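Look for chain A in each of the two complexes below; its partner is chain B in the first and chain C in the second.
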Partner chain A sequence: MLDSLFNIDCGYLEGLVRGFRNGILRQTDYLNLVQCETLDDLKLHLQSTDYGNFLANEPSPLQVSVIDDKLREKLVIEFQHLRNHAVEPLATFMDYITYGYMIDNIVLLITGALHQRPISELMPKCHPLGTFDQIEAINVANTSVELYNAVLVDTPLAEFFGECVSEQDLDELNIEIIRNTLYKAYLESFYNYCKGLGGTTADVMCPILAFEADRRAFIITVNSFGTELTKEDRAKLYPTCGRLYPDGLAALARADDPENVKQVAEFYTEYRALFEGAGNNPGEKTLEDKFFEYEVKLNVNAFMQQFHCGVFYSYLRLKEQECRNVVWIAECIAQKHRAKIDNYIPIL
Partner chain B sequence: MSGDKINIFPSRGAQTQIKARLAGAVKGHSLLKKKAEALQMRFRMILAKIVETKTLMGEVMKDAAFSLAEAKFASGADFNQSVLQNVTKARLKIRSRMDNVAGTNLPVFESFEDGVDTYELTGLSRGGQQMGKLKANFKRAIELLIELAGLQASFITLDIVVKTTNRRVNAIEHVIIPKYERTLAYIISELDELEREEFYRLKKIQEKKKQARDKADKIKEKLKAEGLLKELALDETPNLIDEHQDEDLLF
Partner chain C sequence: MGFTAYLKSYALYGFYFYSALIVAIAIGYTITDQGERIDFGWLLEGISPYMYASIGIGLVVSLSVIGAATGIFTTGVSIVGGGVRTPRIKTKNLISVIFCEAVAIYGLIIAIILAGLIAEYPPIVNEETFQIFKQNLFSSYLMFGCGILVGLTNLFCGLSVGVVGSAAALADAADPSLFVRILIVEIFGSAIGLFGLIVGVLLVSKAKMGDTS
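== the complex of A and B ==
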C-alpha cells in the first residue's frame, strides 16, 4: 500500500512503537547492570532506564522470578495497548504474532488436561499474549478428540491443526512434535500472509520469517541426533518458507551428525558465517547464541524502513530478548556465578 | 553396686563352674571390644565421607541451578510448566539393600533408571543443548543426594550399634566380671573355712582320743601295781597247748 495510506491508519501506532524502541536498553545500560552486586542494585539501575519504577511495589528480598514476571507484564501491557488501537490490516498482523504464544498455551493446557490437572492451576501459567476466548473451555473436553472437535475448531489455530495433525495424532504423538508441527504451519501461514500484504512489509518480514524457518530447521536437526525422532518425522517438522527449501531441507533430513549440518550450511553464505565461530566448548559462542545475534540484527534493521507493519513484530522480539538478557544477568548476580554474565545478546 | 555376688552353695563343683564362667566373660569382653573398635573405625570413615559429600553437593547444586538459568535463557520460552505438567512417574528409582558390616546391617541405596526419557524432545526447537546439560547436571545432583542419604542412614544405624556395643563392653567390664570374681573369692573363702573347721575337728578328736588313751594307761598302771597276777594272767594270751583245767561246758 502507499506509504501515505499506511500513515492514516497506523501512523500514531508506528510513532508509539518507535518511541518504545528508543527505550530499549543500550550497551552502557548493560555495562551498568553487569556491575551490580545485588538484585537491589539492579533494580536501582533499571529505575534510570525506560523501565522506571516497575519494581517499586515489590517487597524485598527481590527474586529473579518476580523481575521476570514484571518485565513480561510491562511488555504485555504495551503490546495490548498497541493492538487495541490497531485497525486492519495491522490488526490481523498483530493477531498473527499472538498465534505463536497461543500454540504454546494450548500445548500446555492439553498436557495438563491429559494428566487431569485442574484448569485453574494451569491458567496463570499461560502466556498472557496468547489468550483467546475459548481457552477455558479446554477443560471441558475429556479426550483429545472431543478437544479437537469442540474447542480447537473455533480458535484461530484451527487451520494449523487441520493441515497436519489429525485427531488420532493428538493422542499418540509426543507433545513436542505436536507443538513443532503447529508452529511450522503457523510460520508458513504467517509468511504467506506477509507476502500477500506486499510492499515494504513483505520486504521486511519475509527475510525475518525465512530466517526463523531455517533456524528452526537447523536446531531441530541438531537437537534430534541421539533421540528417537526418525528422519522422516524430522523432515515433517521443517517449515518450508525459508531459504533452505527445498534442497537444503532435503539435505538436512538426511543429515546424521553435526558435521553434515555444517556442510549443508556451507551452501548459504549467511549461515556459513554463523556456523563458523560456533562451538560447544566453554568460551565459544554456541550456535544458538549466534542465531540469536543474527535475529537481533535483522530485527534492528527493520526499523530502518518506515510505513510498514514489521516494526511491531521486531519491537516485540527485541523486547523479549531484552527481558531474557536482564533475567540472565539477574540470575548470574543472584547465584553469584559471574563467569558467564557477559553472555547476554547485545541489542543496540 | 559392690558387695553383690551370686547366691550359690560354695562347693568345689561350684568353684570350677564359676571359674569357667569367668573365663567365658573375659573372652567375650575382649571380642566385644574388638567389635566396638572396628565399628568405631567404620563410623569415623563414614563421617569423613559425609562431610566430603555434603561440600560436593553444595557445588553440584550450584552448577545445576546455574544450568537451569542457562537453559531458560537459551530456550526463550517457559519450559518449566510443560515439564512439570508432563510428569507421570519417577524415572530414577532407588533400591535399598542391607550390607553386613562387622555384624551389623547397614542400609545401602542403589539407584536405577526405570523407563525412557520422556523429555528427550523438550527444547527441540530452542535450547536443546542446554536442556541436555541441565538434565545431566540435575541427574548428577540426584545421584549425589542418594549417596548422601545412604551414608546418613548408615551413620545413624552405626551410631546406635556403637553405643550399644560400648554399653555392653562396659557392663561386662564393670559389673559381670567383678561379680564373678567376688563370687569366686567368697567360694574360696568358704571352702577354706570348711577345711579349717574340719582340721580343727580332727585335731580336737585326736586330742580327746589321746586323753582317753592316757587315762586308760594310767588305770592300767595302777592295777598293775596292785594285783599283778590277775593282770598278767589277764594280760597273757592264753596258750592252747597248755593244760588248764578248763571248766566243763554245759549246754
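== the complex of A and C ==
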C-alpha cells in the first residue's frame, strides 16, 4: 500500500526516466556503430537513435573529444531537468549523486593548480554535474586547511572532510589520499541515507553501493602496490559499507601482491567470478572491464522494480557507460586501430 | 525524520499504555464479581439503527473513493510520465483510469441503494412496535455490514488496479505487445471489486427499515 504513495511526488519523473532508459543504445545499434568507417558515419548512425541531431552544429572534421563533450552534455541536460522537478526525498538523493562529481572536480582543480595551470584552462574540464558556487576559488589554497576553511566549508562536502584536514602542503600523494578519504565518507553517507529511506530504494541501492565500495577497495589495493602508500594508510581509505567489511578489508590491508588480492576475493562468490579469467593478456577481459560489466548488470536490474529512487542513479550510470562505449568505438575508428573495437560493454 | 520517529514511538507506547489500562479495568471488574457489567451486547444493541445505517453509507462511499483516488493517482502519473517520451501510450492506457473510476461507481451504486432504504420507525410502546424495532435493527446491521464490505473491497481493488495500471503504462512504453497481457491482470484485479458489489447487493436485499412489519 505504501509503495504507490511514491507516485504522488516522483511518479511523473519515474515515468520520464524510464522513457529515457528506453532510448539507451541496444546491441543492434552497437553493431551498426562498429561497422562505421569514419566519424561522420558514426554521426549518421547516431542520428537514427535517441541522440538525434546532437552533433548537427559541429564543424566538419569531427573529433572524438567533441563527441565526448556532446554526449555528456545531453546526459547532463536530462539529469538537471529531472533534478529541477524533484522534491524530497528524491531531491536529496539526486544531490548525493552529484557529490561524487564534486569530489572529482575539486581534485582536478587542485592537481591543475599544483602544476601551475591557469584556472580558465581547467574549468571546461570539470564535470558539469559537480559544480558549485566558488568552485574557482579552489586554486588559491595551498594546504588542505586553507582549502577547507576558504571554500569547502560552505559546500555540501563539508561533512565529508572529517579528519583529513591537516597542515601539510597539498602534493600528489596527499591529493589522492584526500580524494579517496572524501569518497569513502561520501559513499558511507550515501549508503546510510539510502538505508534510512528504507523500502524498495534501500533494497535496490544498497547492493549497488556495496559493490561500489568493494570495487574501490580492490582497486585502491591493486594500484597501491609499488607506491609509497603504507598498509595502514591504505586500510584507512577502504569504504566500510560493502560486503568485504570487516574481514575482507582486513585481509586486503595485509595484501602484498595481486595474488593475495585474488585470494581475498575467493571468499565471496560474486567477486571470485569477477577475478577469474581477468588478466592483462590479449583476449582476456581486464579486471576493470569485469567490474564495469557487473555494475551494468546491477544497474539494469534496478529497473525491474517500480516505485523507488534507484532508477535515477542507475539511469545515470548506464548512460555514462554508454558514453564510454561510444567514445571507445569512436577512438578505434579515428585511429584506424580496429582490433579491440568490440571491447565495449553491452548494456541492453 | 526525527519527528516521525518520535511520533511513531509515542503512538507505540501510547498503545501499550492504553491497552494495559483497559485490560486492568476489565480484570478489576471481573475479580470484584461485576463481570456482567462489561456488556458488549448491550452496547451494540443500544446503538441506534439510524447510526448503523448512516455509518454504513458513509463508509461505503468514503472507502471506495479512497481506493479509486489512490488508483487514479498511481496510474495517471505514470501514464503522463511515460507519455512524454512515448506519446502513443496516452490514449490506450486511459482504460486503467476507467477501471479505477469504476470502483468509485460501485461504491456510489451501493450508497444510493442503501440511502433509499433508510426510513423512520415508531417508538417502542407495545409488542408490535418492538417487533418493528427488531426488524429495523436487523436491517441496520445488514446495511452497516454491506457498507464495510463494499467499502473495503473497493479500497483494495482500487489500490491494486492502480499499481497494475501504472506498470502497464510503463511496460507499454517499453514494448507495445505487453499492454494487452498486463490488461488481463488488471481485469482480474477489477473483478474483485465486482465480487464485493454482488455480495453487498445480495446482503441488503433482505433489509427493510420503516414502520411496517
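Everything that follows uses one rule, which is that the second predicted complex is superposed on the first by the 321 of 348 C-alpha atoms of A that agree within 3 Å, B and C clash if a C-alpha of one lies under 4 Å from a C-alpha of the other, contacts with A are read in each partner's own complex, and residues count from 1 in each chain.
Definition applied: a contact is a pair of C-beta atoms (placed from the backbone, for glycine too) under 8 Å apart; a residue touches a chain by one contact, two chains touch by 3 or more.
All of these numbers come straight from a predicted model, not from anything done at the bench.
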item: Superposed partners chain B and chain C on chain A - clash or fit; value: fit
item: Superposition-derived angle with apex at the Cα centre of chain A and sides reaching chain B and chain C, degrees in steps of 10; value: 170
item: Partner chain(s) touched by A:254 [first = chain B, second = chain C, both, neither]; value: neither
item: Partner chain in contact with A:15 - chain B first, chain C second, else both or neither; value: second
item: Chain B versus chain C as contact partner of A:228, first or second or both or neither; value: first
item: First (chain B), second (chain C), both or neither touched by A:338; value: neither
item: First, second, both or neither for A:81, with chain B first and chain C second; value: neither
item: Touching partner for A:196 - first (chain B), second (chain C), both, neither; value: second
item: Chain B or chain C, by number of chain A residues touched; value: B
item: After fitting on chain A: smallest Cα gap, chain B-chain C, Å; value: 28
item: Residues of chain A at both interfaces, chain B in one complex, chain C in the other; value: none
item: Chain B - residues contacting chain A, complex; value: 62, 65-66, 69-70, 72-74, 76-78, 81-82, 85-88, 120-130
item: Contacting residues of chain C [partner chain A, same complex]; value: 1, 70, 73-74, 77-86, 159, 162-163, 166-167, 169-170, 173-174
item: Contact footprint of chain C on chain A as seen in their complex; value: 1, 3-4, 7-8, 11-16, 18-20, 22-23, 196, 306
item: Complex contact set, residues of chain A against chain B; value: 104, 107-108, 111-112, 115, 117, 122, 125, 127, 174-177, 179-180, 183, 216, 219-220, 222-224, 227-229, 237, 280, 286, 288-289, 320, 324, 327-328, 331-332, 335, 337, 340, 343
